[in-house]
Amino acid sequence: MSKWRLEVFSDGVFAIAITLLVLEIRVPELTAPTAAALAMKLVAQWPAYLAYVTSFLLIGIIWVNHHALSTRTMRVDRPIVIVNLFVLMAVSFLPFPTAVIARYPQLPPSILLYGVTLTILVVFANVLWQLVLRGDHLDRNAATPRAVRQTSLRLALGIVAYAIATPVGFFVPKLGIALFLLIVIFYYVPGGLDMDLEKAPKHPEDVTN
Amino acid sequence: MSKWRLEVFSDGVFAIAITLLVLEIRVPELTAPTAAALAMKLVAQWPAYLAYVTSFLLIGIIWVNHHALSTRTMRVDRPIVIVNLFVLMAVSFLPFPTAVIARYPQLPPSILLYGVTLTILVVFANVLWQLVLRGDHLDRNAATPRAVRQTSLRLALGIVAYAIATPVGFFVPKLGIALFLLIVIFYYVPGGLDMDLEKAPKHPEDVTN
Amino acid sequence: MSKWRLEVFSDGVFAIAITLLVLEIRVPELTAPTAAALAMKLVAQWPAYLAYVTSFLLIGIIWVNHHALSTRTMRVDRPIVIVNLFVLMAVSFLPFPTAVIARYPQLPPSILLYGVTLTILVVFANVLWQLVLRGDHLDRNAATPRAVRQTSLRLALGIVAYAIATPVGFFVPKLGIALFLLIVIFYYVPGGLDMDLEKAPKHPEDVTN
Amino acid sequence: MSKWRLEVFSDGVFAIAITLLVLEIRVPELTAPTAAALAMKLVAQWPAYLAYVTSFLLIGIIWVNHHALSTRTMRVDRPIVIVNLFVLMAVSFLPFPTAVIARYPQLPPSILLYGVTLTILVVFANVLWQLVLRGDHLDRNAATPRAVRQTSLRLALGIVAYAIATPVGFFVPKLGIALFLLIVIFYYVPGGLDMDLEKAPKHPEDVTN
């Protein structure tokens, strides 16, 4: 499996999943199409917009990190391809829990579904990272030991974070939603491999570009 | 972050968002499926077609300009990646306001939603441009000072244009729709970096191609 | 505009439009979910499958021809980018007429909508071809004069074919559908640039691959 | 037709089809939106999740194998491009039978539709493989005779497997679904060209990467 094609396929899935999110925001059905009714309905579905932004930012940062990782990966083997497929399966599934939470934001099962999906996603991401790390696929010249340790920590923390946010959200849905958004924002704080972004090996195309 | 992968991901999102627009045009539901009823319903939803064309042309020209910019950008850093993600978030969101305006073209809130989305989009586009400009990421050999000044002006004008068209459209919906279309057409007039298209540095693949 | 990015974007739109077609085939709604009822409903919507196959083959062959053309194009300029965008707009729109014809195959307006869309598409394709031809963008070493003449003829014939099939189909819907399928099959017969496929200049990546 | 563009287009279709699968999982409609009702409805549609996972894994492994094949293919000609298009048509169609089986898992026609689609898909895949094999397009240095024989066998077995699972499933739907999942899992066992993954010729981009 060439790394190049794995990247194109993964980027395709990320780009599609992130764009499909909008399909879950529904055009309001109005019995009497007045301006006031439309405005009210549009405002009333604010949880749908919040869910859209949260899931968009989440897939976006996963894409950024996936890139930071694959740039430093020297070669991929079958287990990496398969686990990567599982990561993509969880990412592709995300529009569904997003739609459920957008529709029924106040109901605990929505939070549970969203939280479990993210927990599974972050577990797969950890497995992928460990495979790259242990199989010696990582280009050590492109990743400082500190960045590697930090990435391991940040990824592992993700499991803890979602494992806490999910049950909390089951009992206090609004707090759960806030925590889901907070966790995503946390990952936007630079750190780990990501921090070394500038030091990443250049893609051959960029050199001459 | 390699520029190459940022382009592939962005192009993916542009291509998907532009293609998803059609899903918002609905097949008419007919109680009695006669030719006359179908013809009437198909004609009656002309605002949906107009909204489709407007949004398609808009995403199309954003793609052209995004390309003109990225061709002349020498390297990307984390802030550029993040702001680019926000531009993509606004672009991906566009099918929703397009669907709302297609469904309720005569209602002010539809115009407001569409206009606000575009205003936000153009603000993000301005921030992205300023980041590239100030961070000295621009290849000055590939962009004349005049083209740079014109691009700054054209992008800033976009904010003004949508900031005027949106409230106007709120009070006179039909005029608002006409203005939205006009603004898009304006951006198809060559100018700025775009004008220098022929002078753009060639992609390495094109040289040998 | 680099040819490379135009290809990636166009391929993206082709790939998405061709894959979205399936979303227009609807899962039957059953009041009483029995095997017989489901089987009957699935069989009854055979026009939807036929429309799917026709539109899929159509976008597929447009993609093949688009590729045959772009391989032999040495450089692209702004008019080509814009007209290419119009070709993509017609292609992206195709899922809608396909859905209408799938739903109301016996009604003349469905045939008219489908036929008019294809006529517009093929007109744009002709304009694109003429732009490439007249602007001297074509790599003459990669296209024999005979192949060029044949391509011009085949593309022009497309306009004639759809201009005939559309009104015919308006009066005899079933004949119209048959003609639409026949026209697509005709384009699968090798000819024009397409015929020279083997002689096309190799993509730089293929040489070492 | 350059191999490169065939790969980009095919990867695009695979990525989109695999991501569209999620759109077929529907947000439950609740008459009274209570936590218990939502939880029950979400659990009740477990066949939809199972169908999602089965079809996702199926498209995923087709993509892996498509890649293993195209890496070792030296050049493509028109028949290969056309048959590849037919493979993609079957893959793109998959979200529809998946949606039907997810909705009516207990009804024989659902199993029949799913099984027939897969049978057709695997027949096309066999034709594609034979075209590559007989037309001497395969890079024999990159594929041991044993791997070639095994791939022929595994692909032919697919026809047999689906030709058995489909009628079995028609009479015992639950057994059919289990068999469909089993067949997919079987293809995840390394073998054939796939097994030689490490020995595959490197993509030029990977060498310097």
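Brief remarks follow.
So that you can tell them apart, the chains are marked A, B, C and D in the order they are listed, and the count of residues begins at 1 in each.
Here is the rule we go by: a residue touches a chain if its C-beta (ideal position, glycine included) is under 8 Å from a C-beta of that chain, and two chains touch if they have at least 3 such contacts.
Bear in mind the structure is a predicted one, so any value in this text is a computation, not a measurement.
Considering the contact criterion stated above, no chain is in touch with chain C and with chain D alike.
The most distant chain from chain B is D, comparing centres defined as mean Cα coordinates. The rotation relating chain A to chain D, fitted on Cα atoms, amounts to 90°, rounded to the nearest 5. Of all residue numbers that take part in the contact between chain A and chain B, under half occur on both sides, making this a different-residue interface. Centre-to-centre spacing of chain B and chain C amounts to 25 Å, using the average Cα coordinate of each chain.
Centroids of chain A and chain C (each the mean of its C-alpha atoms) stand 35 Å apart.
Residue positions of chain B with contacts to 2 or more other chains are 8, 12, 16, 20, 23, 203, 205.
Contacting chain pairs (ordered by label): A-B, A-D, B-C, C-D. Across the interface of their complex, chain A is touched by residues 7-8, 11-12, 14-16, 18-23, 25, 27-28, 30, 33-35, 38-39, 42, 52-53, 56-57, 60, 63-64, 67-68, 71, 188, 190, 194, 197-198, 200, 202-203, 205-206, 208-209 of chain D. Note for the complex: chain B touches chain A at residues 1-5, 8-9, 12-13, 16-17, 20, 23-24, 74-75, 77-78, 81-82, 85, 88-89, 92-96, 99-100, 103-104, 107-110, 113, 201, 203-205.
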